[in-house]
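Chain IDs A, B and C follow the sequence of writing; residue 1 opens each chain.
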């Protein structure tokens, strides 16, 4: 029995990591209705950027974020204004295809530069330390940190979206880009900022991913799929929903793994389908379309 | 205001280009049929690959370019078709060539419950949903030990020999089957688009609301397209794995099948029959000429797709249509006026 | 001082021409009405001012600065705010947020959240509610308030009466004199001729993309207006 509880708790904490992958995607999806196939590869890109910074400066991975995050923000802003802004519109295909193309480019550029070798960022003992909640139940400290980070980030993002001028502008532009312009909002700039913010989240996700597991240029697409599943299960427009979606995914995967190790990922996908059968728009959809 | 004299007109479908193209096409077909007699094995293998990519691209184009259903999970049916071939020949003793259409029917049958799930989703959610289904197939088939589990299985020697007794005989037989498949696919798609259903599809593609207000049953039409695309993709999948002689879940349900097909359709020109053919030619030209440069060829391909989508979203054939109004597979009906219209006052 | 100065303006939706040779002026402090039937080009003219359609003209200035080629998001900085046709409130934003977003451009002036609430007290009670769950009349008040929060010199009102009951329309139009009194110039596009002419100093009548009549309400006879509104064949 205790082992099942253990699995569920591990699943919840893994959910935190998936939520971390997903919040950036949720913002892009929510503000711009952009389906960003590169998202997973950008997480991997951030991990490699962190790796390079660590190797050149000797900083520890957490501190490397001081450099990684601004780099990712600027990269995201120019990616949006330089390329992705031109794909926005009613048609589903252009952003899908452009980001598909970019995904291939990023994966293979990383492959050319860094080779297919597996990498890992080291932070020392914190990776393996456990916290004993009860006599029988232990949780990893690092997964706990990831979960708490996800929650804190969501709280911050909720505040930004609900109570600040820029957050209001994000929401207005997402609702009605034309009328937003009449308010003086420069859509192209706003979308650039939204992507910049999303890339900061991707940067955090990338560094945590790189500490938690081995990474190489090819693991982007599967992270993307988990992120999408979390966002879609949660419902568009809901950041807490994204966390819920991530948790469902993590728990389903862990229960699946407990039944049979080969079923781990499959269980996650099946949970996704089940949620969508009953709630085609996700658990907590906030907006009025799709 | 009076209407004056009656206006004489003719409604036609074929264009001069298409009539010329028809002749050219027959010559090309004859040449392609004759290729095995030149017995260049490498050329035959390359052509077979081009044939099945053209066929796959036509299917995806029908689904997304005409039906408006952007699926990134068609590899589910491709792999299903491949596995069907192996099961039908190995466990049920069916002939390899007959297994191809039967595999198509398996794909069509499975597409019904799949459609039941994914048709509840719209737009982006639909696309991701189809991808998840494909991943489920991948992981599911990896669990089936009778089919080789994660490492897959090879086509038994007895089945291979049943195609033809010599290797060159087998190469020729498979080549002709592949040619027949791609010719059939192009013909069927062309006839379909010229029919009432094709008109309905074009209407749906242009505006769902408008077409529905005119009495087009959007849901039924889209479902039929989805089932048909599943049939085609599964049959082509069976053909593909007949040429490979070996199947595994990661090869069968690889998302790269879809990524390649999408690139081909986008670069060639979505929503046209000529586009996927042109796109396949471009793709293979790139691949063959950059073969020595490893991942650079992929980087170039990705960058090309990005540029095409940003600058020429109608694709290369779309550009040609814009500039020259050239149609080898004319689907639209054209009005040819035979009297002059009265001038506006 | 002339706020809006327009000579020979044409406007296009792609290849389709919607406005032909429009000459138009609006002086500071004036209230000018544009009347006309559906699809006469009235809203197109407002969209031309706010930079949302392609235009060609000999002159198209606001306070001496050229309007064509201006990005839509720059218009409000110049001092022009629009109350769009159909209100177009932001569904994800509360009433108060809808008002606050109106002030995004940061233009200073007398219109603050408090002043808008004083003008439309009903909105204060409903400030936390989503903008779109209000009645039509209340939504129109929010839309006007939102535009006022930008502290404009010129307020463009596109079909304020659309979809509203007569008594609500009267309430809305009763609010306009107070806005006028603060020195805001008004350009009112309306299908409801009576309301439009009741508050206007001058009017223009549009028909099929052209101006068919202009003048002041007192000087124009009802017959002339009807002819100009409906076109020659009526």
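In this text, contacts are C-beta pairs under 8 Å (C-beta built on N, C-alpha and C of every residue); 3 or more make two chains touch, one makes a residue touch a chain.
Only a predicted model underlies this, so the values are computations on that prediction, with no experimental measurement involved.
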Open item on the list: Can you give me the shortest step count from subunit B to subunit C, moving only between touching chains?
Closed with: 2
TODO: Please state whether A-B or A-C has more C-beta contact pairs across its interface.
DONE: A-B
Task: Mean-CA-position distance for subunit C and subunit B (Å) - done: 52
TODO: Averaging only over C-alpha atoms, locate the centres of subunit A and subunit B and give their separation in whole Å.
DONE: 34
TODO: Take the average of all CA coordinates in subunit A, do the same for subunit C, and state the distance between these two points in whole angstrom.
DONE: 43
TODO: Over in the complex, which subunit A residues touch subunit B? Could you list them?
DONE: 29, 33, 35, 83, 86-87, 92-94, 96-98, 100-105, 107-109, 111-112, 221, 225, 228-229, 232, 262-263, 265-266, 269-270, 272-273, 276-277, 280-281, 290
Open item on the list: Considering only the defined contacts, which subunit A positions touch subunit C in the complex?
Closed with: 165, 168-169, 171-172, 174-176, 178-187, 237, 286-288
Task: subunit B residues within the subunit A interface of the complex - done: 64, 70, 72, 117, 120-125, 127-129, 131-133, 135-136, 139-140, 142-143, 255, 259, 262-263, 266, 270, 294-296, 298-299, 301-306, 309-310, 313
Task: subunit C residues touching subunit A - in the complex, by the definition given at the top - done: 50, 52, 71-77, 81-82, 84, 88, 90-93, 97, 100-102, 104-106, 146, 150
